[in-house]
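Take a look at these structures.
The following pair of complexes shares a single chain, chain A, combined with chain B in the former and chain C in the latter.
Entry: the complex of A and B
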């Protein structure tokens, strides 16, 4: 019963967010066609009112807002996210083309920084106050405090240009011919390392600190004392008793950062010319491309709500006490 | 620690696994030993210009030029002006309303089908059926009727004479293959592989929007010259100058203040630099309907108060020039060098403002409106601009403070400013536009605002639109420029330069097109750079004086012009005087027996 009501609760949340996704972009000053006359462009397109009306009608933007809203909702149910005005392509196609790269970059770097953060945070807490703890704390905090774009530029200059051991941008060598699939995988990884490393370094600080503090709290608890009194080995106490309990806040934090990770890579995408959702979102906002904006927001909504749902479920397993909440 | 290493190893394996999922294309393409040219498609996040089919490219210069590599137009432009393309030659009736085009009999579509006059007729009618759905191809409704005379002759009747016909329609509209497009009902969504079949010198191999990359291959059967390259790639790079240095790409384009990056290549023997006009202007748009900017003398005072040289050096790092006050670019054939220039002179500006009665009556350093005027108190008004031009706005704010006018700068996205201009809800806006090599841009000088009203101006504009004599039309366009410079609906600020830096070992034919590609695109990506056609007339592999024909010597003014060479009798000797019979003699056009 609880599971069903929880799903219903998520359904209502999704419905509200979808409606906001529809109305918010339309509140912005300007409209979906104003980018066409932007003065930054090399050739100005001087549109007459008649032309504007033909175009608005073509994209269905002349219909009343209520009708556009219903079309949008029906479209989502049918899996049709509409047609991107700027990219002149189906929204789903535009998003999926970039999503795979975002997932590769964000997925690998998130997995690495969370794992590393947990392990280093736990190790630091375990060695609290000793030389190892201080060294970790100082070094991780100082490298993580670089802004990601600055770190990225340093990476490009040092590893890409000075040492010339990594490509300075892109996700893959453009139109290269590979002698084997393995060579192509290597090429993709070769391009992935610098941007992924930049994301790992700039995000690891948060996980590390949270894990260290959480672990410090757990280590002070009575049951750890009891375990020690029982004569269990330190390693056993760390793994079986302390780690699982200290992980609870990390699960929450991870679920909360999922949405940010899809869009928060924009600086890294720009510095490394890496294809991804971040730049796509930026462009769709500046072009007022309503269908595309709605589509990207839909994906982010699904990612965040899904992550929270999963976090809820993991929580129950990690901490049986929350089951009845 | 061992464990960390182990976990990292597992993670790396999973990375490799997910990367392999992306490496979907396992086929090993045939390895070509040919020549590949790579260029940067733009800045990171802005190097994708859409699928290069005629109705799906993003409506910007780089989008059009990527499409134009695949599709030919009837005419085209090189470094000197209009040249034949799919049409070998053409004639125009005395009233300027009937154009006859003699088409190239050797052109073929990329799928092997023959190109004929039916394709031209189909294209014009197809474009008219879909008028307005795609913003790029305008003025197509000037054409009243298209008649096919034979396979390689087509006649177009216009509703009215159109002076810019050879450039704005014949040199802009890509000719579509009828056998593919006659079944296409919605061109904006047509993105099949067939949608990129044209007659152009390159064929599309692959396009990926996500990675902003285009791959083209040579069309070795091209009808109009030998291909110099086997493959052309446009791609996104993180840092264009660095990518050129490391050899990742072979050519980069720079603009305005990026002159500092260009200077890094100066004196480097591995690279060559050419510069060209951007055909772009930044301007102060005045609201000529709103007090106090409704007074031309007030606008002139502001013009004297603005230090344009300072803006060029501070903002553009001297990568541009103060603009022609008459809008048209100095490197265009339409430039009027005699427009009024407003020297930066605080005293002159102050004298004008004094004489208009705008005095600083309360002694706070800001002038006041005269008693009984439409506005009262300090002369303070808003200046709207996009964040891109906020430096320029700040410099102007400081300049005008010196003549006692207070400016409040508000920068925002383009959308809200566009709305203000259209509604006339502004005092002053800083905005810019390109295309100032084409007189059609003079239709509304303060566009998108239209607060400047002059019947004289409108009638001169209308007259030049239908004037078929080039010199008379130039005279009319000169008058329009003088009126803008005197009446100041806009005060032009600067024209940035452009630079093309390239590795000549890879390709050394880069050039800037006379008055821009198509309707005036100031880019160096002209399809002619891929062709060995130009210059080597006798195809002996060398360009020398033996390639210059008698008529070309006359065009270059090396030889005395004779009436006999002026084939179309328009009192000018130029490429339009190359007749169809001469093209037949040169083996460039078919012999017809009718």
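Entry: the complex of A and C
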């Protein structure tokens, strides 16, 4: 029962996101064509009243709002996200073309920052109040204060330009011909390191602090004292008793932090000119390519909401106590 | 640890005081009018300590005035979010039926990723400081309302609340005199978390070119530096890009330290909410 109501809840959220996407361009001042004909537009077009009506009819914008809404929803279900003005191609096609790079970047950095965050957080809590804990805490809090785009630019300047050991942008060397697949993989990894490192560093704070707090909570629990009283070794208590239980809240938070990370790729990909979806979003904002922008928004939000749903499902399995929350 | 917490808190407070002073006395501190144009792309000299930008504005003056814009946005948004979030949280925690409704709204809006949505709406609107403030406000109160509500849920079961009811205290009196004072520490920490979030989000939006081109915040100064094609091939970034970037970093750091110190002091159970911060 619980699972079904959860599904219903997420369905409502997706519906709301779709509706925002539908109404946003329609509630803005002017009509759909005014950004072309407005004298303030980049290249204002002159249009006769007749031509205007033909265009509006062509895009179905003369129909009543309810009919437009239904058409829009049917289109979404069919996978029709509209037509990108700048790339002159279907929005979905443009997004899917960029998807693999974002998946590579997000996948690698997620795996690294979660593992690292858990390990550092546990180590910090275990050494609570001692020098090691304080140093880790202060340095990670400081690092988290950097906006990801600023951190990325500093990386580009130091490692890409001053030291010249990493490429400053792109996902592959342009116009490269590879003698072997291994060389291609190496080239891709070489381009991946800086953006992935930026994402890891700027997102590790959340997982670290959460793990540290969760671990501190667990360490205060009675069963840890029982384990100590039984004479178990500290190492055994850490691995077998404390870690597993402290990990529980990390599971739900992971979905949320992955959401932040996906948002972070918008900035990092822009700085590194990495050809993923984040960079595409930046381009669509600067080219005023609204259909593409809205398509990407839909794609990103539904991916993040989906991740939340999965985390919710997993959490109920892991900790049956949350069923009645 | 207690001593360490105190030191962190003091450092944070020191940093914040510095920036607040710069913001308040900007006209006396800035050497020039930030909109006046001099020779463009000048290197740092005694007349322009941080040089001039591509259209000839004095960069130091731009940053000093930018402090005003950045801090103003963060303060206004956090303050209004605090008042709205706390009021709704109190109501939602104290009255069950209304509370259920408010919390459903909070749950739904919190699940929608906020920065992508703000980016999309912002790119449809004319870029202006007030538009950004309005957008941040839509999401700003949610977390505060949720946290305050769950605290009120436990507070209202205390015996002294029953006692007050028995001697005829009204609901408003109980909320105002007995419950609100108990949630103030949480409210203050939430205020700081929201300020951190807004500073980072605002600079991010500016970086993407969605900020106010007239009232330039630190993020906007940074944006124009990033857009300038020669920024990487020369040392221009040292005086044009680094200073506004570091201003953002130090403000966030100051807020983080103060927030962390407050949380450690107020909340001995160590459920530090700082795990949630980030864009």
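We adopt the following convention: the second predicted complex is superposed on the first by the 260 of 325 C-alpha atoms of A that agree within 3 Å, B and C clash if a C-alpha of one lies under 4 Å from a C-alpha of the other, contacts with A are read in each partner's own complex, and residues count from 1 in each chain.
Basically, a contact is a pair of C-beta atoms (placed from the backbone, for glycine too) under 8 Å apart; a residue touches a chain by one contact, two chains touch by 3 or more.
Note that the structure is a prediction, hence the values are computed from the model and not measured.
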Practice task
Report for A:293: first if it touches chain B alone, second if chain C alone, otherwise both or neither.
Solution key: second
Practice task
Kindly classify A:112 by the partners it touches after superposition: chain B alone (first), chain C alone (second), both, or neither?
Solution key: first
Practice task
Kindly classify A:168 by the partners it touches after superposition: chain B alone (first), chain C alone (second), both, or neither?
Solution key: both
Practice task
Figure out whether A:205 sits in contact with chain B (first) or chain C (second), or with both, or with neither.
Solution key: second
Exercise for the section: Could you say whether A:142 touches chain B, chain C, both of them, or neither, answering first, second, both or neither? Expected result: second
Practice task
Look at A:97 in the shared chain and tell me whether it touches chain B only, chain C only, both, or neither; answer first, second, both or neither.
Solution key: first
Problem - Touched partner set for A:282, first chain B, second chain C, both or neither - result: both
Practice task
Name the contact category of A:270: first (chain B only), second (chain C only), both, or neither.
Solution key: both
Practice task
Please indicate which partner A:188 is in contact with in the superposed arrangement: first for chain B, second for chain C, both, or neither.
Solution key: first
Completion exercise
Footprint intersection on chain A (chain B / chain C) at 28, 156, 161, 168, 270, 282, 286, 288
Problem - chain A contact footprint on chain B (complex, rising order) - result: 3-4, 7-8, 11, 14-16, 18-20, 22-23, 25-26, 28-31, 38, 44-48, 50-51, 56-62, 64, 131-133, 135-136, 188-189, 191, 205-206, 208-213, 215, 231, 233, 235-239, 242-243, 245-246, 248, 278-280, 386, 388, 412-416, 418-419, 431-435, 441, 443-444, 447-448, 519-523
Exercise for the section: State the interface residues of chain A toward chain C in the complex, per the touch definition above. Expected result: 9-10, 12-13, 16-17, 20-21, 24-25, 28, 128-129, 134, 138, 141-142, 144-150, 153-154, 156-157, 161, 168, 202-203, 205-207, 209-210, 213, 216-217, 253, 256-257, 259-260, 262-264, 266-267, 270, 281-282, 285-286, 288, 290, 293-294, 297, 300-301, 304-305, 308
Handout entry: For the chain C and chain A complex, residues of the former touching the latter
Key = 1, 4, 8, 107-108, 111-113, 115-117, 119-121, 123-125, 200, 203-204, 207-210, 222, 226, 232, 237, 241, 245, 248-250, 252-253, 256-257, 260, 270-272, 274-279
Handout entry: chain A residues within the chain B interface of the complex
Key = 28-31, 34-47, 50-51, 54-55, 58, 83, 86-89, 94, 97-98, 100-101, 103-104, 107-108, 111-112, 115-116, 119, 156, 160-161, 164, 167-172, 174-175, 177-181, 184-185, 188-189, 192, 269-273, 275, 279, 282-283, 286, 288
